[in-house]
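Submitted below is the structure of interest, expressed as C-alpha cells.
Read from first to last, the chains carry the letters A, B, C, D, E and F; within each, the first residue is number 1.
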Amino acid sequence: MTVVNPVQAPFDRAICDGLAACGVATVHEAQGRTGLLASHMRPIFAGASIAGPAVTVSVPPADNWMIHVAVEQCRSGDVLVVSPTSPSDAGYFGELLACSLAARGVVGLVIEAGCRDIAALTAMGFPVWSRAVSAQGTVKETLGSVNVPLVCAGQLVRPGDVVVADDDGVVVVPRAHAKLVLRASHEREHRERAVRERLKAGELGLDIYGMRQRLQEKGLIYSTGCRSATEPET
Amino acid sequence: MTVVNPVQAPFDRAICDGLAACGVATVHEAQGRTGLLASHMRPIFAGASIAGPAVTVSVPPADNWMIHVAVEQCRSGDVLVVSPTSPSDAGYFGELLACSLAARGVVGLVIEAGCRDIAALTAMGFPVWSRAVSAQGTVKETLGSVNVPLVCAGQLVRPGDVVVADDDGVVVVPRAHAKLVLRASHEREHRERAVRERLKAGELGLDIYGMRQRLQEKGLIYSTGCRSATEPET
Amino acid sequence: MTVVNPVQAPFDRAICDGLAACGVATVHEAQGRTGLLASHMRPIFAGASIAGPAVTVSVPPADNWMIHVAVEQCRSGDVLVVSPTSPSDAGYFGELLACSLAARGVVGLVIEAGCRDIAALTAMGFPVWSRAVSAQGTVKETLGSVNVPLVCAGQLVRPGDVVVADDDGVVVVPRAHAKLVLRASHEREHRERAVRERLKAGELGLDIYGMRQRLQEKGLIYSTGCRSATEPET
Amino acid sequence: MTVVNPVQAPFDRAICDGLAACGVATVHEAQGRTGLLASHMRPIFAGASIAGPAVTVSVPPADNWMIHVAVEQCRSGDVLVVSPTSPSDAGYFGELLACSLAARGVVGLVIEAGCRDIAALTAMGFPVWSRAVSAQGTVKETLGSVNVPLVCAGQLVRPGDVVVADDDGVVVVPRAHAKLVLRASHEREHRERAVRERLKAGELGLDIYGMRQRLQEKGLIYSTGCRSATEPET
Amino acid sequence: MTVVNPVQAPFDRAICDGLAACGVATVHEAQGRTGLLASHMRPIFAGASIAGPAVTVSVPPADNWMIHVAVEQCRSGDVLVVSPTSPSDAGYFGELLACSLAARGVVGLVIEAGCRDIAALTAMGFPVWSRAVSAQGTVKETLGSVNVPLVCAGQLVRPGDVVVADDDGVVVVPRAHAKLVLRASHEREHRERAVRERLKAGELGLDIYGMRQRLQEKGLIYSTGCRSATEPET
Amino acid sequence: MTVVNPVQAPFDRAICDGLAACGVATVHEAQGRTGLLASHMRPIFAGASIAGPAVTVSVPPADNWMIHVAVEQCRSGDVLVVSPTSPSDAGYFGELLACSLAARGVVGLVIEAGCRDIAALTAMGFPVWSRAVSAQGTVKETLGSVNVPLVCAGQLVRPGDVVVADDDGVVVVPRAHAKLVLRASHEREHRERAVRERLKAGELGLDIYGMRQRLQEKGLIYSTGCRSATEPET
C-alpha cells in the first residue's frame, strides 16, 4: 500500500506564474468556487505568493520519514503538499528540509500539520502554509506514499494539480483545468479592474451592478422613520 | 423583516479620535469592562487603530448582498459592522468593497465572518477585524437589514454606537455614553501615566497601590523555607 | 494554601543565553522531546527569543492580583510563567505590568491566558507568549501562589526551571538538566551545521542519513507506471 | 453598576407551554429565524423541553455569587439565564442550586459556562443547557447584576423574554412577540402536519412544494450519462 | 456546473449488511486504515449501525434546496451524504426530510453541517451523523449537485461508494473494494474472536502477540528500583 | 529514556470506593479545587463512577504499543491513565484491550486521545474518559514509558495517585493526600446534606449562608423602579 509514484510530465511555468499573480481569491472564483483548502491553513509569514504543480505526500501521524523520500521526487517549481492520515499538529517540517527543498527549486510547502524553525524559514524566505506551529519533533518509523491522490484540509489534491497559495489561503486547481482557469482569472481581473476604478471614484456597487431593481423585487424596504428603527423591538 | 434604516445624526469626530487614541483596553476599562467583542476577532494586519459610529449590517450566511446596500448608507468616519445570522467563515469582504468604502471615508470594517484579499487590503491600509481569513466567495440571493441592532461576536451593537478597534481587539461604546467614556478614559490615562513612570523607576505596584496590608489580611504567607516550597507534594 | 516561596539560587546566565541561541526546536529535541508547551501558546510579535529561570504564578481565573505579588520576587534574567487554576482568556497582563517587569530585568512572560496592550508591548519590545489576546480586565480579589510547581499549557513547570521561548513556541528545561541540555543542543547544532551545507549543495537526506536500505526493507515500492498512480483507486 | 432589578409582571403560562410543545426549531422558524443561541449550548441530558420567562444573571468570570442572589427573584415557571462577562467554563451550577431553584418552581437553566453534578441533576430531572461540563468550582467575591439585558451565546436576552429550550438548542422570544410567535408556530405546525403525511406516503417534496419549474429556470441539469458523472474530472 | 447525475447500478445488499455488522472500526482496519471521516462527525443518538451506497449532495452554505432534489434519486438501502461547499453549521436537515427519506427506504444521513428535530428523529429511529446540532434554518435559493464526487469531513466520497456508520463514526469504502473489504473484515473478526477469548481468560497481549522480544530489542527497560521511578526528575 | 517502573505498593480499596461515592465535584472541592483534568475529557457513556490508583502510560503519538506493556503492570482496582507526548486523537483503545484490562480487574481508562468500539465498551460496561471518539487505528513501532509522572489533560498524574472519574469529569488526588481528602469530602457531604434539605424546603441560600450583609457592604442595589431597569441603556 506504500508507494512512490513518478512525478507528472513537466508543467507550463507561465501558467503557474500567471495563477500566482492572480492570487487565491481570484483563482478560486474563476474555477467556480471550488478547491479552497480549509481556512485553518495559514502562512507562517505574510506576503508570500506561489503556484506550482503538487508533489503529494501521505504521511503517518507524527512521522516525517516520507517527506525525505518525497524531496528526491521534486523538481524546480513544484509545491510539496503533505497530509497526515490521522490528525496531527506535530512539527513535521523545519529548516533542514527547507534547505533541501530550496536547493531543488521547490517554491513552497502546504502541510495540514505543524511546522517549526519559523524564524529561520522566514529569514530564508521559504513559505509554508500549515495548520499549526509546533516544535514537537516526529519519528521516522512508518512508511507512507508519495504522489498519490490525497485529501488535504478538506480538498482532494492529485499529483500534478496546481496549488496556488498566498495570504488568503490555499486553492488547488485540477491540472487539466489550469489553462482555462488562468484565462477565466484574467477575464475576472479585467472586469474587476474597470469596476475598481469606478468604485474608487465613488460610484456605488448598487449602480454598477444594477442591483436596485432586484432588491426592490425581493422586498427590501428603505425606512424613513428614524428613531423606531434603531430601537430594540418592544 | 428586511429593512434599511437611515443613519443616525452625525457624531462628534473629536470624540471618536480621542477614543481611538486611548485604545481598546483603556476604553473598555473606562466604561466598566463592558462592550468587548470576543477575542476571536483579530486584525488582518498589526498597527491599525480606529474609532467611529457603527453602520450595522445583518447578513444571511454566506451572502454579502446587503454589504453592497450598506455602502450607500455610510458617511465619512463610519465603521461598518457586519454579523451573519448563522455562523459563517465565508469571505464576505475583499478589495473591491474596500475601495468602495474607502472612497466614502469609512475607516474600517468589523465582521464576524471571513475576509479575503489580505495582501491588497494591507497594501491600501484598510483595516479589518474578522474571525477568519477565507477566500471562499459569497452569493447575492437573500436580503438582510442595515442599521438594525445586532449581536456581533457576543456584544450588542446598535447603529450609531461608537466602535473602537486596535491590536487588542474591538470594543463598542453606546453612543449616549461616548463623551463620558472618553473623559473617563483620559482620567485613566492620566493616572496610568504617573504610575508608569514610578514603575519604570523600579517602584513596586505592591507599594504604589498599597496592596501589602490587604494581602496580609487575606492570609498570604511568605514562606522562608527554600527547598520544600519547590518540591512537588508527597 | 496560598504562599509566596522564595526564588531559587541564582542561575548561570551563560547557560540561559546559550539555550536561547539554540532555540526551542533544538532544545526540545536535545532533551528527548519533552517539555514542550501546547502549540496554542503564541508570541504576540515575531522575532523574540529568550531563556531564563521561571518565576511561577498560580492565579485564580480572571484575577491578576498575584502577578503584582510575583513582580517583587523577580530578578534580572527571570521569565515569569503564569497559569490560571481554571481556564480563562481574560487579559491578565498589559503595558504597566510590563514596565514594572522590564525595570527589574525580567526577559519575558509566558501566560496560559490573555494579554493586552499589544501595540505598546511591541513598541517596548517586551515579549509575551499567550493563548489569547484580550482587552478584558481582571480583578484583584483572590489569592494564589508564587513559586510553586504548576502546569502551564500541558507541561509541569517548577520554580527555577529554565524556560526557552521563540517563534516556535515555549519549552521548559528542568533546572538540574539545563547544562546537559545545552551541551546536547550544541552537539545537535554541530551535526546539523554539516548536514545543512550538504543539503544546500543539493545532496539528498536519503543519502546523507543512509535511509535507502531501511526504506527498502520496510517495503517501499517505487512505481514506474505513470498513469495509474495518479488515478483514484477503482 | 451592579443591580438587582425586579422581575417582570407575570406572564401567560399557556403561551409558554404552547411554545415548549412546538419546540425550538419551529419557534425559531416562526419568528423569522431570529433569536437562536449558538449551537455550543447543549443539554446535559436528552429529552427535556421547557419554556418560560427569563430571569437573567450577569456574572463575573468564575464567580457564582449572583446566582444565589437571583434565586430569590425567581417565580414558578421561570427560566434562569446566566452569562459571564468574560468567557469561562467553570462549573457555576450544581445540585444544591438546582434543589433551590426546583423548590421555587424554576423549570430550567441556560448558562454560557460550565455545569456540574450531572448525575444528580439527571436523576432529579432538572434540565440545564450549558457550553461545558466542569467540576471546577467558583468563588463568591464579586458582584454582578440580576434582571438586566445581557448577551448569552450570541443573542440578546432581556428579563422577561421567553426562553424555549429542547434537544435542538435554545431560542429566545421577545416577550412582546410571544403570543404572535406562538400563533405563527401553530400555523407552521398545521402546515407541516399535512406535508408530513404526504411525505410519509412517498410523495416528493419537489412536487408538494412545486419546486421543479424553478429548478429548471435556475439551470439544473439532469445528466443521463452514467459513468462520466461519477468519475473525478480529468 | 450544477448537475444531477443518475444513481449507480444497484449494489449487493448482503455486502452492506455484512459491513454494518462488522462496524466502522473493523472495516476501517480491514481496508488499510483509510476512508475514516473526521472525528467531529457524531451520531445524534447512540446505538445506530448502518451501511449502504452513497447518494452524494454538494450543497451551498446554509441552503438545503438540493437535498430535496436528492431525495428523488434515493433508493431503498441508500445512505445520503451531504457536504457544503463552505463550512456551515446551519440545520439543513430535520424531521420532514427524514420522513421523506424513510418513506424511500434510505437508512441514514451523513452531513458535515447541522441537523435539527433531534427528539423527533430519535423517536422515529432515523440515524444522522453530523458535525453540529442546530435549529438554524436554511434557504432554498442556490443550486448544487447530486451524485458528484465530494469531500466530506476530510474524505473523498464518490456516488455509490459504501458508507458505514455507527457509534465510532463514519467510514467510506470504495464501491469496487466493498466485497474484498468485507472479506478482510470477516477475517479480522475471526482472528479477534480467538484473541478475545484468550484475553478474557487473563492471557496477556504481550504473549499472544509475541511482543516481548521486539520490546527488548528496541531497548525497553524494566526498572526494579521503586522510589526513583515515581519521583520527578531532578 | 523508555522505562517500565514497578507499580506502587497496594492502596486501601475502601478509600478509593469512598472517593468514587463522593464524586468528582466533591473531591475536587475537598482538596482545594486542584487536580481537575480539562473539561474536554468526557465519558463515552453516562452513569459510570470510578476511583483507583493510577498506572500511567506515556505514549508516542498514534502508537499504542505501550498500552499492551502497561496491561501486565495493572492490578485489580487500578485506573489506567494514558497521555500521548504530542497531541493525537487517534483511537488508541478498543474492545480487545478492554477485555484484557477487565480480566485483570482494572476499573476504567482515562486517555487524552481517541477511543473506539464505543458500542462494545458500553455493552460490557467498561468506562472510558477520552478527548475524542475515533476509529483511527494506531501502530506499534515506538516505545514509551509506564509508571512515570506525566501530564494528562493539563494535570500532573504520578503513578499511584488516585484518579476519580464520573459524569462530571476526572480529578487526580495525590496518593499521600487521599485519606485526608476523603475525610474532607465526607465533611463536605455532611454539610451539604443539611443544606440540601433546607433548600428543598424553600429556604434561600442567601439566608442559609448569611450572605445578605456582605452583599450590602459590597454595594449591591435592589432597584425598585421597574421599567427603566429592563430597558437597554440609551
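Keep this in mind: a contact is a pair of C-beta atoms (placed from the backbone, for glycine too) under 8 Å apart; a residue touches a chain by one contact, two chains touch by 3 or more.
Owing to the predicted nature of the structure, the values given are computational and were not obtained by experimental measurement.
Of all chains, the one whose CA centroid is most distant from that of chain F is A. Using CA-based centroids throughout, the chain positioned farthest away from chain E is B. Each chain gets a centre from the mean of its Cα atoms; for chain C and chain D, those two points are 41 Å apart. Centroids built from CA atoms put chain C at 29 Å from chain A.
Residue positions of chain B touching 2 or more other chains: 33, 39, 85-87, 89, 134, 136, 149, 156, 158, 232.
Within the complex formed with chain E, the chain A residues making contact are 1, 32-34, 36, 38-39, 85, 87, 149, 151, 154-156.
Of all residues in chain F, only 2-6, 8, 45, 65, 68-69, 71-72, 89, 91, 94-97, 99-100, 102-104, 114, 116-119, 122, 132-137, 140, 143, 147-149, 158-160 touch chain E in the complex they form.
Across the interface of their complex, chain A is touched by residues 23-25, 28-29, 33, 36, 39, 42, 46-47, 49, 166-169, 171, 192, 195-196, 199-202, 204-206, 209, 211, 215, 218-224, 226, 229-232 of chain C.
On the side of chain C, the complex with chain D involves touching residues 60-62, 85-90, 134, 136, 139, 141-142, 232.
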